[in-house]
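Labels A, B, C and D are assigned to the chains in the order they are written; within every chain, residues are numbered from 1.
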């Protein structure tokens, strides 16, 4: 029996949430869950339809992207997950979707501007769009470079991966993460909804103003600050 | 056993209608139901997913926003509800959502113009958008000030809360109300549909004309006037 | 027991199709079915939610709009139905919805241009939009005048109600009809889909050309002409 | 008993996927499955609603479009299928829908530009739109000519039907194909999603750039190239 039964179950459930939340079509997208103590993560096998997926199909991979356990080939995006886990040691889960509005924004190569409190409830910055990768990066170790492109975008903008748990990769699609795989998937759904709202807003009013700072701060603080009062105390 | 069993049940059912009507994602949004005789209302606890919600979780709060009964922290928007109940004594229920099209309109900081009879069946005015709050209001008692911002918008435009049962708060989202919590939720769904129709209308024809007065009056009167003939006599 | 049991059943089933096809919200919309031999039609009672509707609730009305049988008040749009049945003796059913895209087009006061074969499979003309009603018509017998406005639009454009089974009423919403109530409801769904396609088409390409005549004729003929070969022979 | 029981079953299941994937309304659309050894295909009967369809209703037709077995009239688009099967001997299934976004693009008479990796995962070219047919083609043997119009578009652009498994027919709608009927239907869903994403992308940013070649090649190669690493080895 697998040593990673529980981890696989978490990854499995997170993957199954993606179609439930209408974030994926067919086999597009994937989620993973990390076990920091053992420096591995469980990820969806590549190209398996969600309706056929079983918890035991999850592939266990280390943070260098090497398969540790599992009879199937892991998601083709596994290297991207590995890079992020290796670099950002506070994250416990990652999700990647081709959700409709988030992907459309990625195709515009533009950040999703912060236009309202729905956005500010989750992050205080525009949702960043990492620039298109260079030809060298694409032709090299592509999925690994995708991870580096994400990290470079955070570094060059001095963003914190703990405060901004999502990004668009230009011409590709969203990646999201969080302390848990569940939170990563949650963030994918938030990104899609915020992307849709921003789209509609700018269609109605192309010059709709960015949310002003005090309101950004207020909504963030009430949910995430030291004296947060959203949700139940834990 | 709770003294407020029935009130909690009403509030619970109204909250559960929000995801059924596709008006909320995750824990976004909340509904409350008031008991005018006892000057209290029942409201959703903060941050609890709808699928885990039970009637008994509803928190009983007085019109000053103080918790009267309940083991959980009430919605972070509780103060906004309290202000509205205190100010407008004809309302028995309030709903707040981040529904997609309504929220997008709020992000444009624009009223939703009255463009057709679907709108006029429910109100004779553009759906007002309260202006962005001042920095002082935001940094002060934010949720209470949100309530005041709503009331100020109604006062300055000389709108009647009994005829216009909905508003957008700029950069935030819709609030709706009514004689009952059920009506408040109904109004949230109407607002979302009207917001979507207005969006599409203006995309096709940016100069689509406002509905003319006689038609506004006719549709309002047939549903709400003294000789209304819509619906069944009661 | 009712003399109109069967007719009520047909009207009931047609009404229940409207929410199934996502064409109505709450109590918006209504369908009716006519019995030509007895010069009556069965129509939805006013303001009753679809989930509470029973076949026996249908109200039997004559072609002058007078109630013949039924304990409830008929739809507030009953007079519009009556005018159309009286005027156009080839129709056996009528449907009225506030479906999202159809209503948005009605709010633009524009015809829906014929842009493709999906449209041409059902009619060879733009979907007409009857102009806004005069103040006198609105303030007079409004629903009856709505019927006359529809008929006038057909007369002035020399359209055949047997070939064009749908119309938008400006600033209001679609009305559709057909030989049966089932066909009328079918046409409401077709109108909504065609309205959505035309909207998207014109957003991508505002000068998208009207479908050319030979293709309009070909698609119409293969479904409706003397040597039609769409569907099964009957 | 039918000699084609298995083939009919495949065609039936592929047809039933179309409404499941929200690609068709009412009787619009059809799918077929070919048996290359016997030079026939099974196709949906014309005008039969999906909910009434049974596997045994499928009509067996040869590659000249002649009915070989079946009590019902085959889809009115049968000749188009026949032409494609006859011309392109590597395909085993064809699907035709009037899916909303794909059809809207067809109505613009424009190719769907390749804007991101969701598109590039499936084909390396813009999704071609065959030009409007000449009046002679329309008035002649229309459905057969539709097939020729598709093939001519591929020939004149030097596209490979094995690499590009989809096309829009101007003012009409999408056709897709593949090695199997299942793949053809899959391609219809991909086309619809890519069409929607491209629409949203260009609404946000009308000058969104085409995906650059190295990224097109990378995504195609990882799924379809000699050293493909997407999916499980077979």
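As a convention for this text, a residue touches a chain if its C-beta (ideal position, glycine included) is under 8 Å from a C-beta of that chain, and two chains touch if they have at least 3 such contacts.
Small disclaimer: the values here were computed from a predicted structure and weren't measured.
As for how the two copies chain C and chain D face one another, under half of their interface residue numbers coincide. Each chain gets one centre point, the mean of its Cα atoms, and the points for chain B and chain C are 33 Å apart. Inter-chain centre distance (chain B to chain D, centres taken as mean C-alpha positions): 46 Å. Chain contacts: chain C has residues 203 touching two or more partner chains. The touch graph of the protein chains shown is a ring with every node of degree two.
Interface residues of chain D facing chain C in the complex, by the touch rule stated above, are 25-28, 45-48, 72-73, 76, 98, 100-101, 103-110, 132-133, 135, 138-139, 142, 171-173, 199, 202-203. Per the touch definition, chain D reaches chain A in the complex via residues 115-118, 186, 189-190, 193, 196-198, 200-201, 203-205, 208-209, 211-212, 214-215, 218, 222, 229-233.
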